[in-house]
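Presented sequentially are two complexes of chain A, the first with chain B as partner and the second with chain C.
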Partner chain A sequence: MAASTEPKEGPNAAFLIVKPMATAARQFVKSLVRPSTIVYPFERLEDPSFREEVKVESGHPIGVGPIWDNYRGVHALNIATCISCNLCAFSCPDLCIEMVTVPGGDPKHPKKCPQIDYGKCSYCGFCSDACPEGCLSMTTRYELSTPNRSEMIYSPQKLHEVFERKLPMNPIRLERPENEDAIRLDAPLCIGCNACSRDCPTSCITMVDTPKPTAKPGEKLPRRIWKEPVINDSDCVRCGTCISVCPKECLFWGTHP
Partner chain B sequence: MTVQSLYGVAALVAGGIAYLLPFLPPWLVTIIADVVFGAILLAASMINTIVLIWYERKLLGRFMDRRGAMHVGYAGLLQNFADGLKLFRKNTYKPREADSLGFYGGPTAYMVSSLVIFGILPISTGWDNGSLPLSLLLALVIFSFAPLFIFLSAWSSNNKYSLMGGMRSAAQMIAYEVPILIAVVAVVVLSGSFDLTTIVSEQRNYWFALPLFLALIVFVAGMLAEMERIPFDLPEAEAELVEGWNTEYGGMLFAFFMLADYLRALIGSILIVLLFLGGWTLPSYVPAALTSFPLAGIFWFMVKTYLVFGVFVWVRASLPRVRTDQLLRVGWMRMVPLALVSVLIAAAVVAAHCLPVLGCVPGLGS
Partner chain C sequence: MWINMGPQHPMTHGLWNLRVKIEGEIVKEIDPEMGFLHRGIEKISEDRHYNEVITLMDRTCYVAGIAWEHLYIQAAEQALHVTPPARALWIRVLCEEMQRIASHVMWYAAFVQDLGLMSPFLYGMRDRDLLLDHFQSFTGGRLTYEYMRVGGVRNDLPPGTTDRMRKTLDWLMDRFVEYDRLCMGSEIFRKRCDDLGVLKANDCIAYGVTGPMLRSAGVRRDLRKDRPYAIYDQVDFDMAIADSADVTGRYLVRMEEMRQSVRILRQVVDWLDKHPGPVMAPNLPRWLGAPYAPVGREGYLLKRNYPKGVGLSAIEEPHGEANAYVVNEGGEHPYRVKFRSPVYVNLSAAHKYLVGYHVADIPPIMGSVDVCVGEVDR
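Entry: the complex of A and B
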């Protein structure tokens, strides 16, 4: 008969109809109260009222919690603590950070702070990782659309306004340790490699010649360049780049002699 | 312009016509009355259709945990009017090899044949003057014109997807005409009439959905197939055929197809309400206050129609599309026997004459 040629049916056909319809009806009743969709420009996840109203299944309100607080959005810049060290611009893989002069520095050493082109930025967060002062950090702000491209470039002042909004931020390093006052040199370890001088963002390290000692008989002089870094303390911004690039770990944080 | 002044203008126009009527020859009066009535019916059906699309979008949104249209007008009510306006302004393109007559005539005939049915369906009390003794049969006949026009436009489009969609549409509609008509026979046996007004008035004691539940199921499933809605939307299966038989259509011609689809959905809901759910009447034991306010008939009729269409949307939100072999197997091997069984049930009810809880069937032809 025809029954033998029919393809095998799995569960009962009535079950195949009734169960999905019951599921849909349950969903319908549930979303009559409130659909999960957020009417975005009118409702925002980060609105305080919305946070109280909608809870995710873990019990945390949406918008609070570890994932949200690590969000990498628009940067916040604290101009007051920025030391113009240029490390953010160095670390940027997209070359979207340019150091521009802001008022506040003396004429000899103009204060330079990062200006970020969000048309290029990939939100990798390297700059805020590199910032030695913790003054550049990433916030939860994500609304960037503008009618023209030049408004995608955020000046330091604009980034400072973002900072003043006190949005949730990625805390990198908010305070500077007490003992980071000056760069000290452990002279016997130095090999005169010039790495610190090369990488210093403010070019305050100069390599000066040191007299090459005469070798005593039987003694082998270390193989090195007979130069030593001298740090111009008034130009140094204490960014710590020289410490991190030194291959022999002969530079360290210390206090003024 | 305030509402009062609108009423004033309407009263002025109506008064003018009423003043002129005695001076006009009777045939002209009949023509004017027909034209006015037709215009009102056309406007009402089109507005209802567009509101039906809005209703489906809102319901479907809730079924899918979203909101549907919500920005144009109150709760997005005007969104589909705006969409229609957009489609109206668009250019229509015809494929170079397409046949002009079929390409343009198909959608038009599809639309017109769907609209004509509204002239047959009674909506409320007081439509008896225009009722026909075979109005149910006439409505179903015009309703089943559709595969012809769909196939015409699909063939004329000169597109393989259109042609396949048209073929499927024809096969599906013919397969489901049979159980629908047998299910209607059950209703006719119970009510003893092909006249929709009589069928509704025969349901004063109980709705035909109660004894003829099987026929209702068959009729709803068949109507889903006739309207080509999910889960029976094989003719325009987006995953297989680009857009089915209206692949080549754009602009207002597409809007014609879309509107006609929803017109047919509206007609299907109206037919279900008329045949099985008591039309504009409520059962006689319902308090009279519910049925005595002005326009109560149309009110209850629209409420029922939209609820039935809501069930269609519910089905659409729940079920996946069936395969062609499943569709035809269900049509011929499940629906036809069920419809025949429901005819037997109807005959048994007529023979028993009185049902234990529901009450008595009026005598045949009374």
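Entry: the complex of A and C
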């Protein structure tokens, strides 16, 4: 539609100034009933009593309500269910997640949980999308200001404190595809070293004995342990830890069984 | 005398420097300096997974983030030979049109404040927040959405979104009437803006100026009509055109575009109500998904096996025509990403529409260009 310009000299200049003034005056009267702004910090969006008080008609069609829960704010980490799979750190585009040791694991296989540097974090949510156990999720918490830069680094314990405050968490979680790729074994390359089974965060890899072949005359058997990993696909979270620790690159991503 | 307007100046709306040579009150020569906000987004993209580039796209243009996500994701999907499902395309258009209104309302607020009017600024910022609330309801972010993915969008709309959207659209249409009353109904506004910053159609075409600036000069050029992408050929809307080629014309074009966007959005929410379905393409390669687990030797296989490709997309961004070029040479990262920013081109024609006017006219003229420095410098 062609929006043509109106004649430049209006018929009644005084009236033309009155029009905007009347519009502003109407807004002023409206704002006496309830201002369009939120009087932070006395009112907060996440406060349930405030949500009930502010009605849709007052200029906030949806600004308040359960929809607010989708907000991507500070993370909450449930240390108890974290399996140290490293997927959050791997999927972080800003490299702000570092896996640090937390007490609770056995000395040979220490438990590592994410520590997040909020000075770098871009709140993209890829880490909580990647988390296979749902223990790392984003909450509605947004108050982060601090005079001290080192306080921007949240240790796993501090993230667990956020979790214990039971803030509303982002309810939209990504579903894993049904025919997800799985980890496969290239058996002739395997040396049975047990590295994958040892480091698997879900303990879904068990080492089973393989029959030792009888050497033909003149042939030398490879020097290896005669065991092979067997992967339980239903328990596997597809974190790829086994792939990254395998010294012989005999584990690889294959199609769904 | 040369004076610097910027890099820290209320006129700039960002971080750039306009050097102006004046004689008395008249602008004789100008020299725009850009690059203060250069972050090397194109180069960083070469070191990111295809989906991770989305986080950079939101920061490319900070008032129209999801439009740039749409631009990039179209090119990336073309390069990776991925076809998204229909519902994802409609949701993307929903996002882009919402973003167009949000961006134009933001422009309105900033532009009118350049003229010295305070109340419209507050109204504009208030109304923009309603759209940001909607964005937050399904993307989780208010400014950096990180919503689109190669092969679709991250999640479907939560229940009730379309009903809330209809309510907001009705509310917004009333506000647009109010905006017009405040500006076009004001003699002061008209006297200030008419015949200001004139950029005629032939100059627009010669300099490659696009978007509302081009349409305000009477040129019928809108990529949504001329080269329909996504589902724009299935919705009914009109191109916003003005013929005055001045600041008032740009104002009128943007106001009309917002009304047309509301018209598109009404059709889109109706469609989305009737057609539930998946929002992600099935059978995507594992390494294109969100959890980027270690690839192991697949990394080598990727380079050999996955078909190469090149993606080029062009969308009508709120500021003008934006292009993206993505080269897939195999592997998990794009080989090269290149963007064309409309505002960069619009700014480079600045001497055509600034020279000859008064110094006091610079803020309204530059305000009418709708400068977003994030995308100029990238």
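Throughout what follows, the second predicted complex is superposed on the first by the 145 of 257 C-alpha atoms of A that agree within 3 Å, B and C clash if a C-alpha of one lies under 4 Å from a C-alpha of the other, contacts with A are read in each partner's own complex, and residues count from 1 in each chain.
Note that contacts are C-beta pairs under 8 Å (C-beta built on N, C-alpha and C of every residue); 3 or more make two chains touch, one makes a residue touch a chain.
What you see is a predicted model; the values in this text were computed from it and never measured.
A.B. asks: Does chain B (first) or chain C (second) touch A:Lys227, or do both, or does neither?
C.D. replies: In the superposition, A:Lys227 touches no partner, neither chain B nor chain C.
A.B. asks: Tell me which touches more residues of chain A here: chain C or chain B.
C.D. replies: If we count touched residues of chain A for both partners, the winner is C.
A.B. asks: A:Leu32 in the overlay: touching chain B, chain C, both, or neither? Say first, second, both or neither.
C.D. replies: After superposition on chain A, A:Leu32 lies in contact with chain B alone.
A.B. asks: Considering only the touch criterion stated at the top, classify A:Lys158 as touching first (chain B), second (chain C), both, or neither.
C.D. replies: Neither partner.
A.B. asks: Figure out whether A:Ile17 sits in contact with chain B (first) or chain C (second), or with both, or with neither.
C.D. replies: Both: A:Ile17 reaches chain B and chain C.
A.B. asks: Quick check on my understanding: which residues of chain A belong to both its chain B contact set and its chain C contact set?
C.D. replies: Residues common to the chain A contacts of chain C and of chain B are 2, 6, 17, 20, 23-24, 27, 36-37, listed in rising order.
A.B. asks: Inside the complex, what are the residues of chain B that reach chain A?
C.D. replies: The touching residues are 59, 61-67, 70, 314-315, 317-319, 325, 329, 333.
A.B. asks: Under the definition above, what is the set of chain A residues touching chain B in their complex?
C.D. replies: On the chain A side, the touching residues are 2, 6-7, 17, 20-21, 23-25, 27-28, 30-32, 35-37, 39.
A.B. asks: Which of the residues in chain A end up touching chain C in this complex?
C.D. replies: Interface residues on chain A, with respect to chain C: 1-6, 8, 10, 13, 16-17, 19-20, 23-24, 27, 36-37, 56, 59-63, 67-68, 70-72, 87, 90-91, 93-94, 122-126, 129-130, 132, 138, 170, 172, 174, 177, 179-181, 238-241, 243-244, 246, 249, 251-253.
A.B. asks: Which of the residues in chain C come into contact with chain A in the complex?
C.D. replies: For chain C paired with chain A, touching residues are 48-49, 51-52, 54-55, 119, 123, 126, 129-130, 133-134, 136-142, 144, 146, 154-155, 158, 164, 167-168, 171, 178, 181-190, 194, 238-244, 248-249, 252-253, 255-256, 260, 282-284, 286, 289-298.
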